[in-house]
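Below you'll find a set of structures to go through.
In what follows, chain A forms one complex with chain B and a second complex with chain C.
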Partner chain A sequence: MSRRTYLLRKLIFALVTIFVVLVINFVLFRVLPGDPVRAVIGRNVKISAEAQQALRQQFGLDKPIFPDQFLDTLRQWAQGNLGISWSLRRPVAEILMSKLGNTLLLIGLGQLLSIILGVFLGLFAGWKRKTVFDVAALTFSLIAWATPTFWLGIILLAAGSSWLGLPTGGIVSPENVGKPLYTVLPDLARHLVLPTLTLTILYLGEYMLIMRSSILEVLSEDYILTAKAKGMSPWQVLWRHALKNAMLPIVTIVALNLGFTVSGAIYIETVFSYDGLGKLFQTALVKQDYPLLQGAFLLLAVSVIVANFLADILYTALDPRVKAN
Partner chain B sequence: MRESWLLFWRNLREFWRVFRHNRMGMIGAFLLLSAVLIALFAPFLSPYEPSLVIRDATGRGLTFAPPAVHGPLGTDDAGRDVWTQLVYGARISLLVGLLAGFIAMFIGSLLGILAGYFGGWIDTLIMRVTDVLLVIPDLPLMLVLVATLRQMELKISPLVVLILVIGLLYWTSTARLVRSQVLSIKERQFVARARAIGAGHFHIIRRHILPQLMPLIVANTVLILSTAILIESGLSFLGLGDPTQPSWGTMLNFAFDRNAISNGAWWFYLPPGLAIVWVSLGCVLLGNVLEEMLNPRLTAHHLEGDVRVRPLEGEGAYG
Partner chain C sequence: MAEMPLLQVRHLTTEFLLPGKGAARALEDVSFDVYPGQTIGLVGESGCGKTTVLMSILRLLPTQAQISGRVLFRGLDLLALSERQMREYRWKEIAIVFQGAMNALNPVMSVGEQICEAITLHGLMPRREAEARTGELLELVGIPKERGVQYPFQYSGGMRQRAMIAMALACSPCILFADEPTTALDVMVQAQILELLGNIQRKMGLAIVLVTHDLGVVAEMCDMVVVMYGGKVAEYGPVDRIFNNPQHPYTQKLLEAFPDLAQPVASLASIPGAPPRLSELPPGCRFAPRCHVCLPQCASEAPPLLEIAPGHFSACHLCKS
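Right, the complex of A and B next:
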């Protein structure tokens, strides 16, 4: 299979998956009881029967659900029109966009830190196999896996706020709300410490494990033996030959983990009242704000699918074996 | 019938002989079993009803009382005994996890067998559905599903909704695992022989493939159980549990919502989380060891020259 056919297949798969997400979103929205007109104008707005009928026609709700209404809805979504939030009374798309940056900042930092730490600790654990360090690393990964994200957040929140005096929630202190984030960096950093730490601990274990098994596999290859035979020092072997090859699985794992990352963001933003998409999702859930919930789901799901596809492209670019085929 | 029971018994004894020397496996089994026993004997472990409000001498509810003032684990925001909540919560957490895990295991095994055994378009279809499910972020999907199901006012318990949603979404890893095993089993000679003497598909699957798969499915179910319990705790923490039948996740939801952290009530938010780690760690340890021990059985069959059906002591793979 050439690289082009491989990517084409991945592209078709991504498109089909996005379509499935669109269908799920549409179907769930339609099985909700009550009048869809309410979904647009809000639940408690008083409106006459005639006006309601006029709205039904205007939004095409008198037409058959499939295909007319479905295609209509798709067109709306494609134009970025995700409806109006019931609780916030603002367009859903606008609300989502205002929170996206905060979430990307949090999960970006968490992923970056856990990848860097995970790669080095995993490398070391694999290299020093069956030593105390290796056993400790394995135990840590196991316990991190078995710990619920939100509970780890709660513990760090309790410990960090009472012992270190770190802020308990939000993205900046109340007096700095509304100012551009780059003007209040020290305050922002203090608020980011605990949520980022939670995310890092959470992902660290997995990256460490992947890196460890990857390096063990690479170290058993013939070219490592050759490098050693040439008289290279262990560090040179590790740095010049092993690390580069062992890094490949990390790319795939980062992509595969994106869904997991999104889950982590929902829990952690809830615990730390961090003003991002995850917290928004939880608020929409509690307030039963369906347009907001559906919009947030659409955005999260489609981003993860697209990111997975991008990771596939990156992988084929990085791995010469895929290129050669 | 009698003979197969004898064989089963012998296999079990043989299994135990190897298993009891495996430290990880024994720790895992201890963690899981102790939680199950606590859940079963909850009424004997606490003198109170879970919803009872503990009162002081003046008749006022004893809220956020530390362990030094009341019971082994103090009281919660409403004055209820935390230890009692914890042991009764074990019932809910384990039950939801078990039932969800069984649904996932059943769907996963069924689809895995169908895909692996029949191949062709059935295989393609099932595997594509699995791929799609793996890419869609699971927590947002579950939250949207649960929210919709609740809004539909179906008059079913929130716990049943949780069980169904977790069970119906977490079968993908089982399906993949079972499929790959079926692919290798169906190439074996004994399947070809059964087919040659005219055995039907159902007979071959039931009599020749399923028995070979069983150990793997058991090990996988234990692993799925840990996922199901973790997911249940998360969904309940986000407020999707049943407040009248609190699981460990629901307890943490209460603790967080009612400011146990700012009140310094560590006895309210630490124990439920530790309990979740206790059980999920137990499942992971036990599941991994079972998988390691039981899997080699799939590499040989008693009709294929090598008569070894059971794991034998002293072999590297089982150590």
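Right, the complex of A and C next:
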């Protein structure tokens, strides 16, 4: 099977999964309690029954859920219309998009740092097995992996703000709010230090552990002995023969994490009052803002599926055997 | 034989240090010579140290292995070299074909690249020429050179072993170690691989050290044979002498245990008992507990390896020089 057929199959699979998610998302928010019309009119009970009925007609809520409402919803989603937030009174898609950039910045930085550090430290720990470095790395990894996100966030927040004078929350200082982000880069960087550090430490432990055990397994393989017998230096063996093989499990884990960190950032964004998706989800949940939650669910599900699809593409580049199966 | 031996192994002793448990002696006092163009067979039961001999010579054992004795390659002691100097000799002078060709090739690198890499690593020729040579090597072992771009999983077991042989020949070594090169293959493919090895040896004048437990292969391919037991050389000599006139009781039993096509028997002979554990070796002759002609002194006194006839050595109290 060629690479193109393989990826095409994976793409179709991803699209089907997204459709299933759409259906579940639709059903889930129809079985939840609450009446959209009542939510819109709020406590204003003076609106007449006729007016309420008119509202229902206007939003198509008088039609049967299936197929009319379902197809109508799909059509709206396809056009990028995810509805209006009950609490913020603005289009959901617009709200999500405005926060997505902030979250991607935080997650992107944190993941990038933890992947690079985790891969290299894990590689080195496995290579120098049973040395002081290995034991230290292993201990750190286990502690980092087991630490609750919010706790680490609070500790770093307290330490960083009192000793290093780093800001306690937000993305930029109040005087810079509203200015384009690229014009206030130093201020932005100072705000990003603590949340990024928290995210990096949390994922670093996991990546180091997986990379370490992966490289240990690979180093015991016969082809590593072949490489040594060829007269390669330990460094060449590691770089040319071990690394690519040992990277395979990391790709899977990173792909899964990338999808889930969009939601995993909820704790960090809350602790650091970081204005991103995580904090938005928390607000939506507290205020029972169903349209916003529905949009958030959709975004989460799609990001997990897209991350997995990207992992599949990466796999074909790393492992020639993938295409065969 | 007037010619200088390529490789002289002298009193090779390898111990594995086990933390808290002392040392396990995997090899003791192993000596033999490898002459240019000759095939020498290392035979013995599983765990007798055949593979350890090859790994000790190439110094590919884990760091807790302690190797002593001398391994003279063209008069130069390989054991005295630094790790960096040793790398120059691996593959370029002594290449090895491993037992499980299944896993001996890197699964995520094309076969051609793995062969080409061996050539360029030792700086023998520029990349472009190395690629051309890779194609020639593949053709030499009967693989169309277009298949060099494929990965090991696209090869059959026999093809992988052929590719492994092509790779071993990449730097035109003067000695080839073959560690049970046919073990994982079916009988037809086994025969093809052995034939290939024989052809290549004739063409290139290669010396081969063949590790095997198949006495039939030894009889067919080898000039000399080293019979090993419990990490020591039991008997060593020209193949026809060892097969026709075995002097060590272990060799005699080993040959009896091998089926003879001319005179088939209902049940094959076996040697009662099990090989010694390397961490608790018997003080005297290592074969004494299983020996059918054991003398009182065998339990306490290890027999020396004596030259009982020109070029024929045996380590047994019953053998007199």
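What we mean here is this: the second predicted complex is superposed on the first by the 290 of 325 C-alpha atoms of A that agree within 3 Å, B and C clash if a C-alpha of one lies under 4 Å from a C-alpha of the other, contacts with A are read in each partner's own complex, and residues count from 1 in each chain.
Everything below uses one rule, namely that a contact is a pair of C-beta atoms (placed from the backbone, for glycine too) under 8 Å apart; a residue touches a chain by one contact, two chains touch by 3 or more.
A quick note: this is a predicted structure, and the numbers were derived from the prediction, not measured.
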| item | value |
| --- | --- |
| Combined model on chain A where chain B meets chain C, clash or fit | fit |
| Contact breadth on chain A, by residue count: chain C or chain B | B |
| First, second, both or neither for A:228, with chain B first and chain C second | second |
| First (chain B), second (chain C), both or neither touched by A:241 | second |
| First (chain B), second (chain C), both or neither touched by A:254 | neither |
| Arrangement angle, chain B at one end, chain C at the other, chain A at the vertex (C-alpha, nearest 10°) | 80 |
| First, second, both or neither for A:172, with chain B first and chain C second | neither |
| Touching partner for A:318 - first (chain B), second (chain C), both, neither | second |
| First, second, both or neither for A:267, with chain B first and chain C second | first |
| Per-pair minimum CA distance [chain C against chain B, superposed on A] in Å | 14 |
| Touching residues (chain side chain B, partner chain A) in the complex | 128, 131-132, 134-141, 143-145, 147-148, 151-153, 226, 230, 233-234, 237-240, 249, 252, 255-256, 261-262, 264, 266, 269-270, 272-273, 276-277, 280-281, 284-285 |
| Chain A to chain C touching residues, read off their complex | 221-223, 225-233, 236, 240-241, 244-245, 318-321, 324 |
| Residues of chain A that touch chain B when the two form their complex | 13, 16-17, 20-21, 24-25, 28, 31-33, 142-143, 145-151, 154-155, 157-158, 161-162, 168, 256, 258-259, 262-263, 266-267, 270-271, 281-282, 285-286, 288, 290, 293-294, 296-297, 300-301, 304-305, 308 |
| Contact footprint of chain A on chain C as seen in their complex | 58, 60, 84, 87-92, 95-96, 98, 100, 102-110, 117-118, 121-122, 151, 153-154 |
